[in-house]
Amino acid sequence: MSAQLAAYSTSTGEAFQFWVLGTVAVVGALCTVFMKKAVHSALCLAGTMIILAVFYLANGAYFLGVVQIIVYTGAIMMLFLFVVMLVGVTAADSLKETIKGQRWLALLCGLGFGILLCAGIGNASLNEFNGLAQANSGGNVEGLAALIFTKYVFAFEITGALLITAAVGAMVLTHRERTERAKTQRELAEERVRENKQLPPLPAPGVYARHNAVDIAGLLPDGTASELTVIKTLRDRGQIRDVSNDAIKDLKALEQRSEERLGREEEATK
Amino acid sequence: MENLIALLVAAPLLGAAVLLCGGRRLDAVGHVIGTVLAAVSFVIGAILFADMLGKDEEHRAIAQHLFSWIPVEGFQADVAFQLDQLSMTFVLLITGVGSLIHLYSIGYMEHDERRRRFFGYLNLFLAAMLLLVLADNYLLLYVGWEGVGLASYLLIGFWQHKPSAATAAKKAFLVNRVGDMGLSIAIMLMFTTFGTFAFGPVLESTGETSEGTLTAIGLMLLLAACGKSAQVPLQSWLGDAMEGPTPVSALIHAATMVTAGVYLIVRSGEIFNAAPDAQLATTVVGAVTLLFGAIVGCAKDDIKKALAGSTMSQIGYMILAAGLGPIGYVFAIMHLVTHGFFKAGLFLGAGSVMHGMNDEVDMRKYGGLRKYMPVTFVTFGLGYLAIIGFPGLSGFFSKDKIIEAAFAKGGTEGWILGSVALLGAAITAYYMTRVMLLTFFGEERWRNQPTASPADPSVEPAAEHQGAHAEPHPHESPRSMTIPMIVLAFGSVFAGAFFGIGDRFMHWLEPVTEHAHGHPPIGATTVTLSTVAVMVIGVGAAYLQYGRRPVPVVAPRGSLLTRAARRDLLQDDFNHVVLVRGGEHLTRSLVYVDHTLVDGVVNGTAASMGGFSGRLRKLQNGYARSYAVSMFGGAAILIAATLLMRAV
Amino acid sequence: MSFPLLTATAALPALGAIATAAVPAARRTAAKWLALLVSLATLVLALVVLVRFDPDGDRYQLTESHAWIKDFGVRYELGVDGIAVALIALTALLIPFVILAGWHDADPLETKSSRWRPTQGFFALILGVEAMVIISFEATDVFLFYIFFEAMLIPMYFLIGGFGDRAHAGSDEHAAAQRSYAAVKFLLYNLVGGLIMLAAVIGLYVVAGNFSLQEIAEARANGSLDMATNTERWLFLGFFFAFAVKAPLWPLHTWLPNAMGEATAPVAVLITAVVDKVGTFAMLRFCLQLFPEASKWATPVILVLALISIIYGALLAVGQRDIKRLVAYASISHFGFIIMGIFAMTSQGQSGATLYMVNHGISTAALMLVAGFLISRRGSRLIADYGGVQKVAPVLAGTFLMGSLATLSLPGLAPFVSEFLVLVGTFSRYPAIGIIATFGIVLAALYTLVLYQRTMTGPVKAEVSAMPDLRVRELVVVTPLIALLIFLGVYPKPITDIVNPAVKQTMSDVQKKDPQPEVEAAK
Amino acid sequence: MNPVNYLYLAALLFTIGATGVLIRRNAIVVFMCVELMLNACNLALVAFSRMHGNLDGQIIAFFTMVVAAAEVVVGLAIIVSLFRSRHSASVDDASLMKL
């Protein structure tokens, strides 16, 4: 009895760890899906991955655990973050669904799928856990190496090819060949004149208001903000802080304060 | 000797092959080759005949087995010939009269640029007919049977540029096909009943099967005979067949085609003997046709059509006789032979008359021709006397015997048939006299009025050489045409006496068609006398009507019967309304059905599919994610399925 | 391991097709000659097969067998019985005439660019069809047969859709539309049939465990493999449906008139005289051998359908205004006869049916090719546009008449023998059906003679008056066919000797005996 | 505790990831969800390898990682060029597949 029990149950320590970290992992995953901003999703995912790494270790896959941390969390997630930065940190896509019924279908499928999977696992009577004790006896890394360089050597070689191809592909995709020489200042100026675009240099941001940060549009005489004064990138990302109306607010506050002072002065005269 | 039989067929067949495949380079000699080969076949026939006379009655029949034609499990058809007295009679008639007609055609078709082909067809006709009478099983007979149909098709439609000719040819073939259907069904019945269709086994073992089967076979054979021999109800093609050149008409009517039916019935005598109902039907058909043809013959003003009507009724006599069973077979064949002579003579005469009259066929535009074409007059006259059964001439002997036999059938049937036959004899006398008077006597109605030349000047190229539109200059025909007429005239005068006196012919045929002497309720002499009497009456009536009074050039409206008879007693109209129209409607509606219904169903499904897919296309909104959803759902379903499978 | 004769017979035209397709665009004539030579060589091989085949030997001869797809027990098994030999000979015989008749049908139009190379394609496709047809006659492995039975459709599709009849009433666009409609219809009909058959093939595998015709047939015979009645019937229907579409049997026939009408005459001959024969052949070889009981079960219905085809096709042929469609409907009627003969289950009927396949191939080829020559001269397919041709082109008219007479199965010509055998065979078991079918004879006479009369006789139409007579090439095509028709009509023994043993085998497969005559006549 | 729970966890993560792929429109996030699914699979593989007591499962997980790395590189490159061309990283904008 007890021997059999031992066969498919684990130490309470692991159990504890599982329940705690598992919950966190699930939460992280959910956050990954539901966070508005891509950056946050990325961070949550990173967290989940680290937890997974821990689980690998717990399952006796020491090498994988380490690789998970180094490759995934270290390299891949950072790559993600780079791209997010490239595309725009706050490029949050509204979670409002455009395709009719997509979300509900998705959730329904997801739910059903999950239940079915669990059901499948459930009625697959998996009670035989004969542990990795003797598999890892010669050390986990050695064991993997033995397999990779004997049984899976071809697959291994092919993955090498795959990686190279991927690297080259990435370069090809992202690299843009400059076909014509860069335009000189003079040419640009003449072009501007020809196309009759904004001949003088663009107005500086925040000049006409009391701010002068780059992300604040300068105000036109009528108090409205002028997009022109902010650089394109910020405009694309929609990261313009509009202060046109808090300027007015400040003015109001000023007048009030002055009135108060004046009022106090009247009392003083009585 | 046996080996000669095949040559009988081979000679004309070779001729046909050579002439039809030879091409233009044979145009010069084509007619000679054709005639010679026909004659060759006649000579062979004569040799075999002499040989046959040399033997004693029992061993006269000879046979020749060439090769096994269709050997299939349980189904053996051979190409084998048998030559007995019956076949021999036909062989001589066919080749003899046939050769004469070939000879005649040399002159008649002289000015037709397609004369070579014409002779090719004639040879084909002979070959087919010989095959028909020489075959030793029904299937091979069937080949000849259809071959005759083909040859008649080609010859009737020889002047194909005339739509009427083409139509007539087609009609002849189709009507014959209906008959052929009967023959093929009869053969199938024989096969299922006897397991074979060779004459010998079938006819010997008629006793071993039920009468019903035999009746069925007999009726089917009768249907076939009706088709070929132009008996009611399949007679309609014969009249139109006159579209062909006159020698063709002579060949069809006298020697070959129409006699085939009689041959078939006489040959299958045993079957009919064992099936009284079939016999009765045969006699009825014969009697009806006999009157039908005679009545039609009375009304026609077209000389050839009048003769066609007479053929119909004469064949009616033969079928009637054949239907009488053993008492009639011999006379049927005998009348067939004599009829072969005088009818051929009459047709050739008519041809010669037309030849002299710019191919005018309306007898009302003839008249008084005797002094212009004496030879034609004499031969035609002899033929005329023979057919009306003038005592002493051939027609007299044969027809008289048939009438006797009809009475001898006994009972009311006997009386009815006999009297019908007598009536027929009277009418025959009447219309033949009419033809004779209209053509050769009376004032010359063709003078001082242009002959109604055919609408299409290219019609009947034989006429082109003599100014087709001018007033005709009746003249005697060339030697090549008159000689055959003379020979045939001899035949029609003496054949009857030669056969009839001492029952020579009867004894000759008896071994094949075992003859039974019938005992007419009234004495033979009475019958003979009455025959002569009715003949005289008929002649008299005709004389009173056409000999005394002048004949109007334009036919009077005539009585209802006359008008009906001019239209072949409305038989064609019936066919047209019922068969042709009905058929047209049927086919047209079927075409519609095929296009809308059968095809429509399919196209309909296709269309609905199209609509469905169009609706389905909406799902393909191009959003990768919605595709992904369907994938995901599919995966879910798959898992569900696997789980279910495992659960079950 | 002797020389694989059967494989060679099928492979030669296939290689020929590739070679022909590879001929450069400019060397058109070379391609034609190459195709002609290849087809002639194939004919020689087919004749060798014919000679090497011993009618009294065992059932399948010259067999070859190699493992192909081990996992499914699919083998590359070839073998011929008498029926197959006859049909292979027919195919190999007709193709050269088809090629010769289509000599100019695929010459490129001036409007196209010089790189456009239809000619090579046309002849390559014809050879391809030949190869596939031959191998499906040879295959004794159901799966192998199925593959080529289906693959045949591809080249046929392109032949119909790509090389239409240039003599088309109406504009080019209309012609093209019609043509593609016909081609697609052909493809869809046959594909549907084929797919249903595929299901049945798989089903057969599930039941029998392998695809080998011989093994299954033996197993069925000695009872070691017994199918549930329903299973057998469903499988039978699956097979029969495909063959009935191909044959075609009423009411699955409507693709044939379109296809034959739109395709060029040689291709039409290819369809009706060669490809469709695979359908009827397969009924004999597969339906009867694999599912004898079901075949007997279905016989009444099939016979009635065949009867309808006979009468219906003939009546519709009478109603047609288009020469080629008329011939197509006539063919439907004839296929009715063939199927009737097969399912009459008498040795006369089945021998007759087999003969009928051969004879119908030859006679239709003769008639259709001559009609094609006629049409190409006048540039119209409508009967009404002709008249009096006989006067201007007697030889053409003569050959046309011979073709027509063969079609109405005149005694003395080959088709008569087969038709009468079929009729007798049917009549001896089902008299009523036999008699009704006999009406087909009259109708056949009607439509052929009406066709001949309207086109060839009567006053000469103006458009026809300048029509040239047959040229040498065309004579070379027609004359042998007609000669063959006459020869086989007078002396069919060579074929019957080959066919009879095979038929006897089939009869024993279905455990049927011929009905015996009620009177054992004194022979 | 029964180590099977690891499998349940993997299933859960996988489902979440998949749903995310379906719900999110931002290509990058979608991509992250894909990664999440991959990882879930890896977890399952590792658990299996423990269950069977041999290392093949881990090997496969290892290969998965390598391939995932490659895939991420290419995928992100695609996203970047996509963004460059149409100034948006929304998958719905790339919906030219519709007829």
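By written order: A, B, C and D. Residues from 1 in each chain.
Here, a residue touches a chain if its C-beta (ideal position, glycine included) is under 8 Å from a C-beta of that chain, and two chains touch if they have at least 3 such contacts.
Each chain and its UniProt protein: D = NADH-quinone oxidoreductase subunit K.
Worth saying up front: this structure is predicted, and the values here are computed from it rather than measured.
**Q** Moving step by step between touching chains, how few steps can get you from chain B to chain D?
**A** Shortest path length, in steps: 1.
**Q** Pick the pair with more C-beta contacts: A-D or B-C?
**A** So, comparing the two chain pairs, more contacts are at A-D.
**Q** Report the inter-centroid distance (CA atoms only) between chain A and chain D in whole Å.
**A** Between these chains, centre-to-centre, one finds 15 Å.
**Q** Averaging only over C-alpha atoms, locate the centres of chain B and chain C and give their separation in whole Å.
**A** 37
**Q** How many angstrom lie between the CA centroids of chain A and chain C, rounded to a whole number?
**A** 70
**Q** Chain A to chain B: how many Å between their CA centres?
**A** Centre-to-centre distance between chain A and chain B: 103 Å.
**Q** For chain D, which residues are shared contacts with two or more other chains?
**A** 18, 22, 25, 92, in rising order.
**Q** Would you pick out the residues of chain C that each touch at least 2 other chains?
**A** If we look for residues of chain C contacting two or more partner chains, we find none.
**Q** If a residue has to touch 2 or more other chains to count, which residues of chain A qualify?
**A** 99, 102, 105-106, 109-110, 113, 117
**Q** What are all the chain pairs that meet the touch criterion?
**A** A-B, A-D, B-C, B-D
**Q** In their complex, what parts of chain D are in touch with chain B?
**A** It is residues 18, 21-22, 25, 91-92, 94-99 of chain D that touch chain B.
**Q** Which positions of chain B touch chain C when the two form their complex?
**A** 20, 67-75, 79, 139, 142-143, 145-147, 150, 153, 157, 160-163, 165-167, 169-170, 173-174, 177-178, 180-181, 184-185, 187-189, 191-196, 201-202, 204-205, 208-209, 456, 583, 586-588, 590-591, 594, 598-599, 602, 606
**Q** Flag every residue of chain A that touches chain B in the complex, lowest number first.
**A** 99, 102, 105-106, 109-110, 112-113, 116-117, 119-120, 123
**Q** Using the touch definition from the top, list the residues of chain A that touch chain D in their complex.
**A** 8-10, 12, 14-15, 18-19, 22, 25-26, 29-30, 32-33, 38, 41-42, 45, 48-49, 52, 55-56, 59-61, 63-64, 67-68, 71-72, 75-76, 79-80, 83-84, 86-87, 91-93, 95, 97-99, 102-103, 105-107, 109-111, 113-114, 117-118, 121, 126-136, 140, 143-144, 147-148, 151-152, 155, 159, 162-163, 165-167, 169-171, 173-174, 236
**Q** Okay, in this complex, where on chain C does chain B touch?
**A** It is residues 188-189, 250-251, 253-254, 312, 315-316, 318-320, 347-348, 351-352, 388, 390-391, 398, 405, 410-412, 416-417, 420-421, 423-424, 427-428, 431, 434-435, 438-439, 441-442, 445-446, 449-450, 453, 456-460, 490-493, 496-497, 500, 503-504, 507, 514-523 of chain C that touch chain B.
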